[in-house]
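Following this line, the structures themselves.
One chain, subunit A, links the two complexes that follow: it is found with subunit B in the first and with subunit C in the second.
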Partner chain A sequence: MEGVFIQTLVSGLLIGFLYALIAVGLTMIFGMMDIVNFAHGDYLMVAMYFSYWFFVLFGMDPLYSLPAVTLLLFGLGILTYYLLIKPIINAPMLSQIFVTFGVLIFLRGLAQFLWKVDYRMIPQTVLSGNIHLGDVYIGIPQLTAAAGAIICNGLLLWFLKKTRLGMALEAVSEDKEAARLMGINSDRMFALAWGIGIATVGVAGALLTSFYYVFPEVGANFGLIAFVVVALGGFGSVTGAFAAGIIVGLVEVMSGFLIAPQFKFMFVLALYLAVVFIRPQGLLGKK
Partner chain B sequence: MKKGLIAFVIFLGALTAFPLIFHDPFTRHTLIMIMLYAAMGIGWNIIGGYTGQVSFGNAAFFGVGAYATAILLANYGISPWVGMLVGCFFSVALAIIVGYPCFRLQGHYFAIATIAVGEIMLLVFTNWGYAGGAVGIYMPILPESFMNFEFHTSKLPYYYIILVIFVAALGVCRLVEGSRLGYYCRAIKEDPDGARSLGINVQRYKMIAFSISAVITSICGTFYAQYVLYIHPTSTMDLMMSIQLCIICLIGGLGKLYGPVIGAFVFIPLTELTRVYLGSEGQGVDLMIYSLLIIILAIMRPQGLWAIFSKGTAK
Partner chain C sequence: MKKRLQGFCLFLLFFSFTSLAYAQDEIRIGVIFPLTGPAASTGHVLLEGVKLAADIVNTQNNLNMPLAKTIGLPNLKGAKIKIIPGDHQGKPEIGMAEAERLITQEKVVAIIGCYNSGITATASQAAERYGIPFVNDSSTSPSLTDRGFKWFFRTTPNDDLLSENFFHFLNDMKEKKKINANPIALFNENTLFGIDSRKYQEKYAIKYGYPISGVVLYPAKSTQLTSEIQKLRSYNPRIVLQTSYIADAILSMKSYKELNFAPDAILANNAGFIDPEFTKALGKDANYILSREVWAKDLAKNKPMIKTIADMFEKRTGKPMDGSSSRAFTATIVLADAINRAKSTEPAEIHQALLETNLKADELIMPWDGVKFDAKTHQNMLGKGIIVQVQNGEYYTVWPFNLATKDVVWPFPKWEKR
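Entry: the complex of A and B
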């Protein structure tokens, strides 16, 4: 019993790091321009298909194609910004919601059209296998994904806090007008935020493909989880998203373990409602 | 205004005469679906379009209406018409329970909260044995009659029932639009703080608009259950259905009486046609077309297609 408990705890922790990585891009974009990217989970789906096709067409393991997938998603993020987001940056919120929702529907429709609704999985990756510590089994792909997520989140934090470019990004998110007076081109910073925000999803998707099915709706649940993480961490807070990702991962697996597995996702969603009702600014968010 | 009335009478006459001229079941079915979605779109428009509260959870009311009807009929043999009333009751109860806390949330927070509620409802019904679980409920086949709300030989009775529901929804929306409630709703949409400072009880009028929206959507759920005679959680309360309602309103025109009607006339035939002509090969094509349409509309013309039709005569 105790072994199962620890096993559950560990798997919740591992998936939590990945949730944090998925959510970090969402919170960054929201923090900078007050736009919620409803299609966030669907960019994850795109990244997973890229990884999958790199494997099928070129025989490249998802781990090796990760840099390419990340770069592609970075480009996709920039493209999304200039093509769709820039025109609506000052539009009413309703238009903003519908544009990113339109992207969600488009990407899902495209995936259904191109690749049908089949579930696909890469049979054997370089990461396959388990390690066991006592009673606890840890899948190597999951462990790698968690490690990758920690590294990627760490790099992002370092970039935002320590580099000039990162600080410029933070400055625009703090105060657009003041940043403009300091000579920061906020337009380019927005584009960069979209690039990085979507690229982090690219990393997450590439890591996920080693142990998860790929199908057109795969982004739906991950996207919703990302909203929960962002709300819990505080809209716009990168460090908050990191802590919240782990909490959400733990809530998911623990409610599945203690109550019933089929309801675990319900508890994650209930967590969102509880947070926005009780503490709308989240754990670390600014009011 | 007079011109509008004449146009409406012609439109209504055409809809009434249509199935008497065209007997082919496919066109009749398409029109039934158009009117069903137009009615639901009108329901969504009252809360989403007029009041400006983007709900991605309206499918939950559709599901509650469908399930109340199905459970009562399949388990207890109670007439679907009673089921329709019970469904409305539970839908309003749900609207109040959900609306009370959620309407304090602004913008995105509200939209995401409605997604969460909708998904929770879906999960509850998928795992609720009493309501058929993931398999859903098959309606018992009863003799054809109006009381039983079942017709097996022709779609014609269904056609006229949904026509009545659709026209009633349109009438309710027209009443709301012209009433004090309608003005309050638009004030809340434009400037909630300003509305509050003028003494409008914002929370209360949002709840009333949401409840009206819930009743219309729930009645459509009852109709759907009796029309298809088989319901399951994903056919009645999927997030995609809630999204379709928003799309219909956005295409036609948010907060415009005929917006959802135009939206449904564009949206449903496109879905049915891609399904028929492209089959499983074309899966997703309809989604791609609408998504492009709504992206372009949201960027270029947030007023929807209605604005193009009513150009020049706009108030």
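Entry: the complex of A and C
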């Protein structure tokens, strides 16, 4: 029983780190420009397809193609900003919602058109297998994904807090006008935020592809969880999203194990509701 | 200029009339499947099954099957079948809206669908309201035919019968292989399919004396199934009876391997486990899964027509035929046969003809004794299931023993010994 408990705990932690990484990009974009990117999970889907095709066409393991996928997604993020987001940056919220929702439908439709509805999976990757510690089994792909998520989150935090460019990003997110007076080009900062925000799901997608199947709607499941994580951690807070990702992973797994699996999302969403009622700005969000 | 415009309008008008006139020579059949959403891969396979059957009816084929040897429906002046697809996206409310759209706008004479039991339930309500025959090809929740609907017919055997097959199989295994099958645990998804299956699994477990040590229900749209599998493991089952759709079937197998969970047998309730994507996505990790099935290609050993049809299917789609597409195919043949005998596209006539359906075993590509609907529930009374096992990435019939083409591998080998 004890072993099972620890196993569940470990599994919750591992998936939690990944949830955090997926949510970080979402919260960053929101924090910078108050735009909710509904298509966030679908960029994850695109990243997973890229990883998959790198494997099928060039025989590259998802782990090795990760830098390329991340760069591609970075580019896609910037492209999205200039093509779609920039024209609506001062538009009413409803228009912004429609644009990102439109991207969601477009990406799903495109994926289904190009790659059909099949479930695709890479059968054997360099990361296959698992580690056995007493009663606890840890899948190596899951462990790598969690480690990758921690590293990526750490790098992002370092970038935002310690580098000039990162501080400029933070400045724009604090006060767009004041930053502009200081000579920061807010337009380029927004583009950068989209690039980085989407690149983080690129990393997550590449890591996920070594143990998860890809299909056109795979983003839907992860996208919903990312929203809960962002709301729980506080809109715009990168550290908050990191903590919240772990909490959501643990709550999902533990409530499933201790109470009943069919209610696990109920507990995750109940947690979300509780935060909205008690602390609307989220755990680490600013008021 | 004005004249030319008038001419153009006249031309358009004329064109629309000719297309209307043409439309009367075709029998429009609505088909509702999950063409997008999590079950989309199965949905497209089902649709292809229907289309293949329609093509066989519409063209001349030398097959021992109703309407194969003739072109179109002979009793309706050779009218051809036209399939009008609808997409329910895996959502009950959309299934219902699609049924309404097909009936009111597309003017279909009958509907086939919808795979997911929960959606068949709502879509068939729309058909019932409009009085249009609804032939269900592959939803197995018994409650669907217990509703006493007038217009609802089901060709596939339902979970009641198919669940009982599991225990016949286990009894046979006990007798022949001296296996120990206690205790059993259930691992089901929590929509209508999984919940209904549970009811029948529990009913027959009690009837045949197999103790159940635990039941785990899980949300089908999970991103992970770790806690579920931990819970399952804590029940120490020798046999897991699992009910899953394709995405969660793949995910659960991956997680079993990750967590090194290997009971003596995983007996799956078809659906996700017999989807062609299942073996394709999992490769050798799909091996040794046992699933109840309604169809397998190796049944051709006793019925060569099965191979002919399966090859035709594979040639068109590049995918192997499976229990879903073969049932969609069969439902289409059954419906076409009824419309032909009805000699009319009037719903009431088709309804009467469906009630009088009596197809023989050798006219079908299924392992059934035939198709004959119960007068009250409209459930096909002659349906029958088999049990298949994945060996080297292929499905082989392993039970009933007289139809088996391979010996069953028991127990399920431990993950590290593969």
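In the analysis below, the second predicted complex is superposed on the first by the 287 of 287 C-alpha atoms of A that agree within 3 Å, B and C clash if a C-alpha of one lies under 4 Å from a C-alpha of the other, contacts with A are read in each partner's own complex, and residues count from 1 in each chain.
One rule holds in what follows: contacts are C-beta pairs under 8 Å (C-beta built on N, C-alpha and C of every residue); 3 or more make two chains touch, one makes a residue touch a chain.
Fair warning: this is a prediction, and the values are worked out from it, not measured in the lab.
Overlap between subunit B and subunit C is detected when the two structures are superposed via subunit A.
By the touch criterion stated above, A:Ala168 is placed in contact with neither subunit B nor subunit C. In the superposed model, A:Gln112 makes contact with both subunit B and subunit C. Once the two complexes are overlaid on the shared chain, A:Pro123 sits against subunit C while remaining clear of subunit B. Of the two partner chains, subunit B is the only one touched by A:Val36; subunit C is not. In the superposition on chain A, A:Ile246 makes contact with neither subunit B nor subunit C. Looking at the shared chain after the overlay, A:Ser11 reaches subunit C, while subunit B stays out of its contact range.
In the superposition on chain A, contact of A:Ala145 is made with neither subunit B nor subunit C.
When both complexes are overlaid on chain A, the residue A:Ala231 reaches subunit B alone and has no touch with subunit C.
Of the two partner chains placed by the overlay, only subunit C lies in contact with A:Pro261; subunit B stays clear of it. Comparing 135-143, 171-179 or 243-251 from subunit B against subunit C in the aligned model shows that the clashing stretch is 135-143. Contacts of subunit A with subunit B, set against its contacts with subunit C after fitting on chain A, overlap at residues 108, 112, 116-117, 216, 220, 260, 262, 265. Touching subunit C in their complex are the following residues of subunit A: 1, 4, 7-8, 11-12, 15, 108, 112, 116-121, 123-124, 130, 132, 137, 139, 142, 211-213, 215-217, 220-222, 225, 252-257, 260-262, 264-265.
Here subunit A touches subunit B in the complex through residues 36, 84, 87-88, 91-99, 101-106, 108-114, 116-117, 216, 220, 224, 227-228, 231, 260, 262-263, 265-266, 269-270, 272-273, 276-277, 280, going by the rule given at the top. Contact residues on subunit B toward subunit A in their complex (touch as defined above): 52, 54, 101, 104-105, 107-109, 111-113, 115-117, 119-120, 123-124, 126-127, 239, 243, 246-247, 250, 254, 280, 282-288, 290-292, 294-295, 297-299, 302.
The touching residues of subunit C, when paired with subunit A in their complex, are 35-38, 40-41, 43-44, 190, 216-219, 221-228, 230-231, 233-234, 246-247, 250-251, 254, 257-260, 277, 280-285.
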